[in-house]
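Two complexes follow with subunit A in common, the first pairing it with subunit B and the second with subunit C.
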Partner chain A sequence: MKWSRLLSLLASFLVTALFVLAWKLVADYKLVSPVFLPGPDRAWTSLVRGFTTGDLGVKFLATVERMFWGWLIASLIGVALGAAIGTSPKLRAYLAPMLEFLRPLPASATIPVAIAVLGLSDGMVLAVIAFGALWPVLLATIHGFAAVEPRLYEVGRALRLSRATVIAKIALPSASPDILAGMRLGLTVALILSVVCEMIAGRDGLGNWILLAARSFRAPDLYAGVILLGLLGYFTAIAIGLLEARLLVWRSRAR
Partner chain B sequence: MNTSNDAAIVFDRVSLAYGGRPIISDLSLDVGRGEIVCIIGPSGCGKTTALRMAGGLVRPLDGTVRVLGEPLTEPRRDVAIVFQDYGKALLPWRTAAANVSLALEAAGTPRSERPERIRTLLAKVGLASHEDKYPTEMSGGMQQRIQIARCLAQDPAVLLMDEPFGALDAMTRQGLQDEMLSIVAETGATVFFVTHDLEEAVYLGDRVIGLLPNPGRIGIDLKVDLPRPRDQLETREMPEFLRLRRTLFDFIEKAEA
Partner chain C sequence: MKRSWWKGLVVPAALIVAAEIAMRLSNTTSMSLAAPSDILAALLRALFDGSMLVATRDTLASAGAGLLLGGLLGLLLGMIFGLIPIVNRLMEVTVEAIRPIPSVAVLPIAMLVFGFGYSMEIAIVAFSCLWPVMILTRAAMAGIEPRLIEVARALRLSTTQRIAKIVLPAALPRIMVAVRLAAAIALVVAVTVEIAANPLGLGYGILVAQQGLQPDLMLAYLVWIGVVGWSLNATLAFAEKRLFGRAAQVEAAGA
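Right after this comes the complex of A and B.
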């Protein structure tokens, strides 16, 4: 168990190293024009420079903040709404068709609407992010609450638990694997929308940095931004993975 | 029907239908306090339904169910239900101890008193060293023991058990039968025990009641005059045990025909 984990970690490092090497070779032999593809060394230098002398750090934090708040709002609303809908078969029957209609709408399609209503403001950006990240959380929560073992509700009845207690002690923990899976998806959506909104609405952040770098043919800067985005996505996924592992010990301990 | 007021469970001319189909019809039955009554009958005759009515999970369409002298409209905390599907009736995200704790939390037992009581209860069902295990880490027999411990945490005056040992292997089942008998002897609880196993019914019961199907009604009401404490080998070899088993076997054969 321990060894196989170490081995797979080693393998993933190796793959990453090979990828960077291939990138370096392609750039060094100018298989792609250096105007469009700088080598990893130049991208790295640009990344370091951006953090030390430039304002890349500020822009990075702006994107992180935007993503986080949008995701948090989406998660809170998604779980609360999902709990209400998931525990009520009636609400579910009424709302299901509308949810199915709204769900496949690409979240970026809401940006023009949001701009029209809220203007080019930070509030608009937050609304779009929260709206987009809401769906995965909401749908997963509804499913999680609807799938609670009916027998457990009977146990709650037999013990005369109040409705609030049943939700807190039975339904919510039972739905938590689904909810966390939804929140994980929501975080990805929040990151994507943060970047897209920054590009479209010209808010300060990584998305804007990448767009400006591309427009002025500063390819190393562009790649520095992309690398940073990749890292951000990677580490948030790891963070949520750790949270899941902590909250769902009982799942991993199953035989 | 002379419904004595000091009976633990009274079914008074109870009827129930699902979607217009009568499931239980005109069922009258008294279970005395401290009595162990076993219910047998062919599959689908309404055993589980009767038990759920005694637990307040289902309301009869007609007639009344009284528990400890009071008409039953909702589940009561002093009536504990042991479900057959222990795998579904336990909270998988709680350890054995925390599962038992749920009943104490429901009863408003002060936090400081819970660990001690949980330890006592788990020890009583033979799970002393397994407090911190999750249900999924335990065998079926151990999971059912958790559920029984949780029910005992309710301090029940009445225990309703729906084929609690039906899914367990023979050895585990016999062990749990004896544990249950000694716990019940200790607490003086009334037991309403549904089973498919005729021998189990005779072995455990003070009385065995056989239901007839379509709609469910009482077909046979046998008194079990076997000495207590009962013994897995001796009791099962007694002529009276064999006679009762034979009578019930004949009853079931006719009921299923």
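Right after this comes the complex of A and C.
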């Protein structure tokens, strides 16, 4: 079983390599104008050059930082607020309909409002990212806390635990799969909003970089940036997957 | 539950009244905020002079066309991947390499290829809708009762007959869930693209209102985008319930 899995993965890598080769051939024979589609070799050279002689590394880190801090703020606020709302049926009755109404609102639509209020600053960018990434975390946390087995709460009451202890010892572990799923979604949102904010507000970062590259028809730079953003998306997904596996290890053990 | 629906209105109403009073008391002409009554007036004005309706049409048309294109492609790929396991295994790395690219990262590429306008926006929306539909369709194919496939084989149905008569009906409730999810994504991406680059639709409207220092109009656009997003979501949820009833609910709970 393990060998066949390895073999299929290898074959799958080969297929990907074939696609890259096809991309190179299409670009080399100029089947598509090189203005739109530079070959993978040119994109790679541009990526390496950006990191060695250019300041691509700095821009990359700026985007990562923005995404991470925005996401962290959103996660902390989301879990705290979600815990308060999720554990109290009264708060839920008053607030849940409003939250459900606000949920489908595109977070990027708040960018012009944030610019008007906070100006074109890094604080504005952070506020937008945090606001956008807040929703998935908040709603998942509320759902997680609301779905805690009622008998567990009864146990807490029987043991005369305080509300804070009930949340920390009973509700939080029981809701953690939902919370982590929300945080995973929040991270994707945070990455997208970081890129969008950089594009609109002209803050230094990958988003701004690829937009400028497109405007000045530097296609290899553009593709290098897009590849880098893809890698960023890929590795953040892996990172949060690892976090999930580590935090939820008791879950698989209990089964 | 039915008796307490008004509770959901208490907090938003209180917030609106508080905002109104605060804006009236401070009595300043703010460049970034406006009183709710002014926002409502601006909303009605923009709706009656048709500018907001035109913008809504542009946004919904782009989002709809992108959803159709990306959804069909995702459906096709998902069916291929779900029904032919070897293709799925061979394409695994390729799909996982492209999927994490944030939707807005392809914006500059689309800008380069299509220039500004509908086609660029449609392309980006299609790219973003493709993945969730593909993945959920693939999962839906895997979730089809194996005995149904056996029946198809026993009846010696051709491949097209098998897909039309067995596979699609069996997977339809889950595919509908995917479509609803993708529709929400389509609207978010369309608005985002309009705010970031494309001079069209609601996103551009809100940006212009902000840059023109018309906070009442800007916030009116924000409210309207929220209403459009919420109605779209509610309509699709209603259609899903109506078309598939219990099947959809059971599937959604199981997914």
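The working rule: the second predicted complex is superposed on the first by the 235 of 255 C-alpha atoms of A that agree within 3 Å, B and C clash if a C-alpha of one lies under 4 Å from a C-alpha of the other, contacts with A are read in each partner's own complex, and residues count from 1 in each chain.
Heads up, the rule we're going with is that contacts are C-beta pairs under 8 Å (C-beta built on N, C-alpha and C of every residue); 3 or more make two chains touch, one makes a residue touch a chain.
On a predicted model such as this, the values are computed, not experimentally measured, just so you know.
Upon superposition of the two complexes on subunit A, no clash is found between subunit B and subunit C, which fit side by side. Residue contacts after overlaying the shared chain place A:35 against subunit C, while subunit B stays out of touching range.
Contacts of A:149 after superposition on the shared chain: subunit B is touched, whereas subunit C is not. By the touch criterion stated above, A:50 is placed in contact with neither subunit B nor subunit C.
Contacts of A:250 after superposition on the shared chain: subunit B is touched, whereas subunit C is not.
One of subunit B and subunit C touches more residues of subunit A, and that partner is C.
Taking the two complexes aligned on chain A, the least Cα distance separating subunit B from subunit C is 16 Å. In the superposition on chain A, no subunit A position is in contact with subunit B in one complex as well as with subunit C in the other.
Of all residues in subunit A, those touching subunit B in their complex are 149, 151-152, 154-155, 157-161, 165, 169-170, 173-174, 176, 248, 250, 253-255. Chain contact summary for the complex, subunit A toward subunit C: residues 8-9, 11-13, 15-16, 19, 35-36, 93-98, 101-102, 104-113, 115-117, 188, 191-192, 195-196, 199-200, 207, 210-211, 213-215, 217, 219, 222-223, 225-226, 229-234, 237. Touching subunit A in their complex are the following residues of subunit C: 4-5, 7-12, 31-33, 89-94, 96-98, 100-109, 111-113, 184, 187-188, 191-192, 195-197, 202-203, 206-207, 209-210, 215, 218-219, 221-222, 225-226, 229-230, 232-233.
Against subunit A, the residues of subunit B that register as touching in their complex are 55, 57, 74-77, 79-81, 83, 85, 88-89, 91-94, 102-103, 105-106, 134, 136-137, 154.
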